[in-house]
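In the two assemblies presented below, chain A is common to both, partnered first by chain B and then by chain C.
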Partner chain A sequence: MRLFGKLAIASAIAVAGAAIALPASAEDSVKLPNLSYRTGPFAATGIPLMNGQRDYMLMLNERDGGINGVKLGYEECETGYNTEKGVECYEKMKAEGAIVTQPWSTGITLQVLPKSNVDKIPILAPGYGFSAMQDGKTFQWAFNPPASYWDGASMILNSIADGNLDNLKGKKVAFLHLDHPFGKEPIPLLEALAAKHGFTLLPIPVGLKEMQNQSAQWLQIRRERPDFVVMWGWGAMNAGAITEAVKTKYPMNQFVGIWWSGLDGDLKLVGDAGKGYRSLSWSLPNSESKIMKDIKQLVVEPGHSLINRDAGEFEWVFYQRGVMISLMLAEGVKTAQDHFDAKVINAEQLRWGLENLKLDDARLKELGADGMLPPFSTSCSNHTGHSGAWMLEWDGTKFVQASDLLQADRAAIDPIAEKAAKEYADANQPWPVNGECK
Partner chain B sequence: MELLNVLFIKPFADMFAAPDFLLQVLWEGLVSGVLYALIALGFVLIYKSSRIFNFAQGIMVVFAALTLVGLHEAGVPALLAVPLTLLVMFGLAVAIERVVLRPLVNQPDIILFMATIGITLFLVGFGELIFGGENKVMITEQLFIPTGSFELEPFGGFLLIEQKDLTAVIGAVVLVGLLLLFLNKSKMGRAIRALGDDHQAALSVGISLSTIWVLVWFIAGIIALATGIVWGARAGVSFALEVIAYKALPVLMLGGLESVLGAILGGLAIGILEKLFEIYWGQPLLGGNTETWFAFVFALIVLLFRPQGLFGERIIERV
Partner chain C sequence: MLYRTAGQFKTSYHADHALFPVRQDAWLLGVILVCAFVVIPAVASEFAINALLIPVLIYALAALGLNILTGYAGQLSLGTGAFMGVGAYACYKIITIFPDLNLVVAIALSGFFSAAVGVAFGLPSLRIKGFYLAIATLAAQFFLVWLFEKWSWLYNYNASGAIQVANVDMFGITVAGPNAAPVTQYYFVLGVVAVVTWFAINITRGRIGRVWKSVRDMDIAAELVGIDLMKAKLSAFAVSSYIVGIAGALFVFLWRGAAEPNLFDIPLSFRVLFIAIIGGLGSIMGNYLGAILIVALPVMLGTLPGAFGLTIASATVEHLNVMIIGALIIFFLIVEPHGLARLWAIIREKLIMWPFPH
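And then the complex of A and B:
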């Protein structure tokens, strides 16, 4: 009886786990896995994004029968934001016929990046990963549309400097970041810009075990009195930082985060006290758009979605950004299908599709997502698209748009990105470079 | 010369130059230390009575806090949600004893340790399935925990003391006091200590192993709930709380795995020292984030001189 009970519990858990995947038969589907994290210290920020990704794919399958009659086999492999588990998931998904890798962590991206040339599976890392991946000639299999971390750092600095970085001369900018490849990614650019424009950069790392107890970091901020705090936070770090900022009474209008530091749920912890906090974003939520109405009607209301409706997750920036991420991937699939006149495409064909994305205003409108994503296109030499981004501001209950579309300083970024790409290729010889791309 | 200055003179000069800031650092260190001590206590109690290193203590903090918030979200009044959460933690203790520990009696320690890793993995999945992985707001105000702050001006400076931190410190002191009273003055408490001292002897005088195991896991559950409320009030309730449990490891190395007093003093010492080191030495000299390793290095140095920890039992074996 005891054994029976244990088996019953184990079976129930296995069935529940399997139910999360969206099976589709091999003949009429493409396998589009997601290395997700719905557990662990980063689950709070991961879940709404992954829900958005999943619901868009579900909606396309439900509304259109997939893309051109091919079902989208969206499937999650849980990594817990752990790099080793991420690599295991990558290998598992590769063996099962994945045509794309969505690594969902800069650490995992850096691990699978060298494998992508050999395995010939494109990496799609929207708004994250190694910024130098913008160089499509060097990183033929990696894509980070619509904006890279270096784009983000440049846009944040431009914003706090009112459009002219020389305005920051003599000022102090604290860089509060997760002590992890993700958090360290923009430091080379920030250091270069600090040296060029004469401001002091104060990097303040937050360890994984200190994410919820950042009193030491905020004591340093109290002592150093920086003019601005720029946050590169993820997971529990964001909530920890925002509550400490409120506690230390740091002026919220001088506190700006990257696009992954703008989770509605984190700001709801402090409510009105967080008014004025800004977060850069390359997506704008619009629950009245056609795409969101379709998701609501076909996925959320029938109860197929995993979102927390009571918490208002449908309206959240992160949920709708997840939708935009799947939109980019689906558009890559469609572009490849059209170009190769094929239905069930392979990984190499998808790579071509991602390299030839053209999400202009007309196409976004046609998809029912006008205004939710800045228009951009990719090419063989430009795997990012550099769409620009908007600044969002917390008004006490939700994020609202607080700027026009901002653009990164290409003259500052491109030479550094080119140098970083070359250094990466040199350090990982033999590294194939796309000589046909001009 | 410059090195000597930044190591031995400048930090102390900074402390004297801004004594209000030093007080703030000490206060923040004390609050962290109290919280580390609470987590370490959960480990110590279970180890003391069963020689099991409970890897699941961290996830128990998450599970208890999520249960409390989850019950409240389901419409249960906050003050009723607390005893109901304790009931759930009691049920968990009974289940762990029946399903995991009892079948493993007399197995090597490493097997029991591995079993607690299994409990951790189960609670992670089970908790996520029931409560979801989103960050939830701790029901601080509903539990009548004050959320304001005292702004003091010592030495003409500024010292901010959050009322919820003050409540946490007072609550932890009361909890530890009650625990010590229970362990030292009650019959069951003495039974726990007896089991910790000598399993065979304790069993021979009729102490029930299963009852004591349920009891200590339940007490660890109570401590987990208290810890979850306090940490959750600071930055929300999510699975990230589990990570904080790892901060208790150097506390246990320092204080000794069997000592309640060691857990308390070890927690306080590490909380205060790591904060002082980070602010006055770590940030200016090493770029910060020394809190991730300072406690381990400090505990390691102590272990070089006292391998059993500051308050652990010295093990003498004949060879």
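And then the complex of A and C:
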């Protein structure tokens, strides 16, 4: 007991000391943290994405010594998709001099978003977060390139309606979603479109606790016989839905998911039975591109990567999408460096960089990623870029491209987004709006 | 030596029953209060305030509320998270309906809503006891979280179904919302927690507290000596839920800034229950010790590898963290099954006798 007591006191002092002393960051690097979730219920979706993000940054450091001689300090802070850990990680990374926040969870985004104006650290949420973040005048510090959830919802509807939403008249579209801010996000747009084009929208929520057991939801789908099922799933929910769809023999070619519902691992579980399942994606995997070859040669082959090579994770849509996410961030860093003629940029300069991204075909080719991302550019009023996306289809073993580049219905989205941004600003007064931006 | 009680004579019953029978206890509390009110805010970083101090205080307050019900009145509850949610949503609605209302008043009012809900779900305690009552309160947990999700009026019809804290001013200083300074928020939370703790110490030491304890120790005997069980149990539910509701309002308004319904789900209830159990049931101080162990220690452990210049992947640190905290909980419960507060009591007794134990 006495020894225990001494040990306890000694370790308590050590821990308290460590909490106060925060390590200083090196001079020639920029700190680009990622609030990762390699643990918890969403880890299956998170791990390949985090691996891709990490490996691209490692590759740049290895191949070019960073960007313009500045090392990219990619660092993960594990949240397990838990909002409480999110606060902790955000504060920790802020104290250590982070110049960007990659919040990942919608719940964490909700907490961090209001603070971005005060702390002046840009939020980069590629393909997630609030759709209204496209309004860069209101959400000056938040970026969700290359496409928002509302873009995604509109593109999926366009795709299943063969380009004309009036084709959906009288049809029934089930919207299977996670009962969580993330899953509820597209509902306002879908409702508006359903009213306008005369199709029935059937929202079917899946509670966080029911993710792995969706028999009730699929019983409802069987009873209602919707013409299409649109899925807004995340983590364990996707695998649950896809296996249930196979079990209930729902026609796979009428089942479409958002970009986070296209994890190769989930479809591998059902293999051939999942043939025909489609998932929207703003990234196309291409293992033969220069960028991926470099990663393979410099990061994967020497064993620096954390990917599961036996499972073929390198080829996965999610892994290569993670690479694209880091590519956008690295491009933001480079744009800011060039503009401000600085090496080690700060958070405000990175904000400018992210606001002036220009990833056109030529630039993507130069980076060695041609065809892996649809070209887009951001501006002070447009923080999303609205690149459009492709439909990917599961062919039994992997996802293949199944459509040309789809575009969202801007006329339907922009007014709702503007209204939502205004509501947000009004509810959070005083909320600074960028008046200089025309 | 430090705890020498020689020369401290008690010459009346009043002195013998004082809150601090040993003078050093009062000094110790004074030192802690000076630290909490003066020293810590002066030296702590923003990270320490937002990730360590404020959550410890809020969780300790929630555990204090639960402890009054479970530790003092002996009614096991698994609905703490949901009652915190009631407090948070009530405060949110009060602030949106009356934007000019003082936040302290809004938080104090929101406690009454959770108290009312707590009493309603406490009614089964008049017939059922122990584990059966725990299951009945579990129903509150499921029902209320479901309600937070489905009743859009509660979150002002927000599209994402979450509540967000706008900037709230009090006497010209922003105390809640994104513009609030962490130190201000710390003082706000500390002030509320200190007042409620003072109230809780007094109520548990007084007549009502003794009534609760007698119900906890043997309710039939308590009834035979003339204690009204219904009043005792329901008052315990009311006071407990009131404090828990205040903790919930602070949780969202002074710390998280935003909340979605599933935040108030069972894991939160369990977390608060663990704090109360590990800290020590039937003790006020134990809640603080438990909160430090369960809430603050993982955060501190997370910063350890970095401080020593070790590069361990963040996910690995998280796994290690879970293992270490789990092991510590088992360790402390084996060393002292009655919780950390009891452990401190033993240490204190030894200190009083030191250096000449019998």
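Here is the rule we use: the second predicted complex is superposed on the first by the 413 of 438 C-alpha atoms of A that agree within 3 Å, B and C clash if a C-alpha of one lies under 4 Å from a C-alpha of the other, contacts with A are read in each partner's own complex, and residues count from 1 in each chain.
As a convention for this text, a contact is a pair of C-beta atoms (placed from the backbone, for glycine too) under 8 Å apart; a residue touches a chain by one contact, two chains touch by 3 or more.
Being a predicted model, the structure only gives us computed values, none of them experimental.
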item: Partner chain(s) touched by A:G368 [first = chain B, second = chain C, both, neither]; value: neither
item: Partner chain in contact with A:D179 - chain B first, chain C second, else both or neither; value: both
item: First, second, both or neither for A:S36, with chain B first and chain C second; value: second
item: Touching partner for A:G97 - first (chain B), second (chain C), both, neither; value: neither
item: Which superposed partner A:G240 touches (first chain B, second chain C, both, neither); value: first
item: Touching partner for A:Q212 - first (chain B), second (chain C), both, neither; value: first
item: First, second, both or neither for A:T248, with chain B first and chain C second; value: first
item: Partner chain(s) touched by A:G312 [first = chain B, second = chain C, both, neither]; value: neither
item: On chain A, positions contacted by chain B and by chain C; value: 16, 38-39, 179, 208
item: Complex contact set, residues of chain A against chain C; value: 1, 4-5, 14-23, 36, 38-39, 75-78, 80, 83-84, 87-88, 91-92, 94-95, 106-107, 110-111, 114-115, 117-118, 130, 179-181, 184-185, 187-188, 208, 306, 420, 427-430
item: Chain B-touching residues of chain A, taken from the complex the two chains share; value: 2, 6, 13, 16, 38-44, 46-48, 179, 203-213, 215-217, 219-220, 222-223, 235-236, 239-240, 243, 247-248, 263, 265-266, 268-269, 308, 310-311, 313
item: Residue numbers on chain C that touch chain A, as the complex places them; value: 43, 45-48, 50-52, 55, 149, 156, 159-162, 164-167, 177-179, 255-258, 260, 262-263, 265, 297, 299-304, 306-309, 313-315, 317-319, 335, 347
item: Touching residues (chain side chain B, partner chain A) in the complex; value: 18, 21, 24-25, 28, 31-32, 35, 73, 99, 124-126, 128-129, 132-135, 137, 149, 160, 162, 231, 234-236, 238-244, 246-247, 275, 278-279, 283, 287-289, 291-292
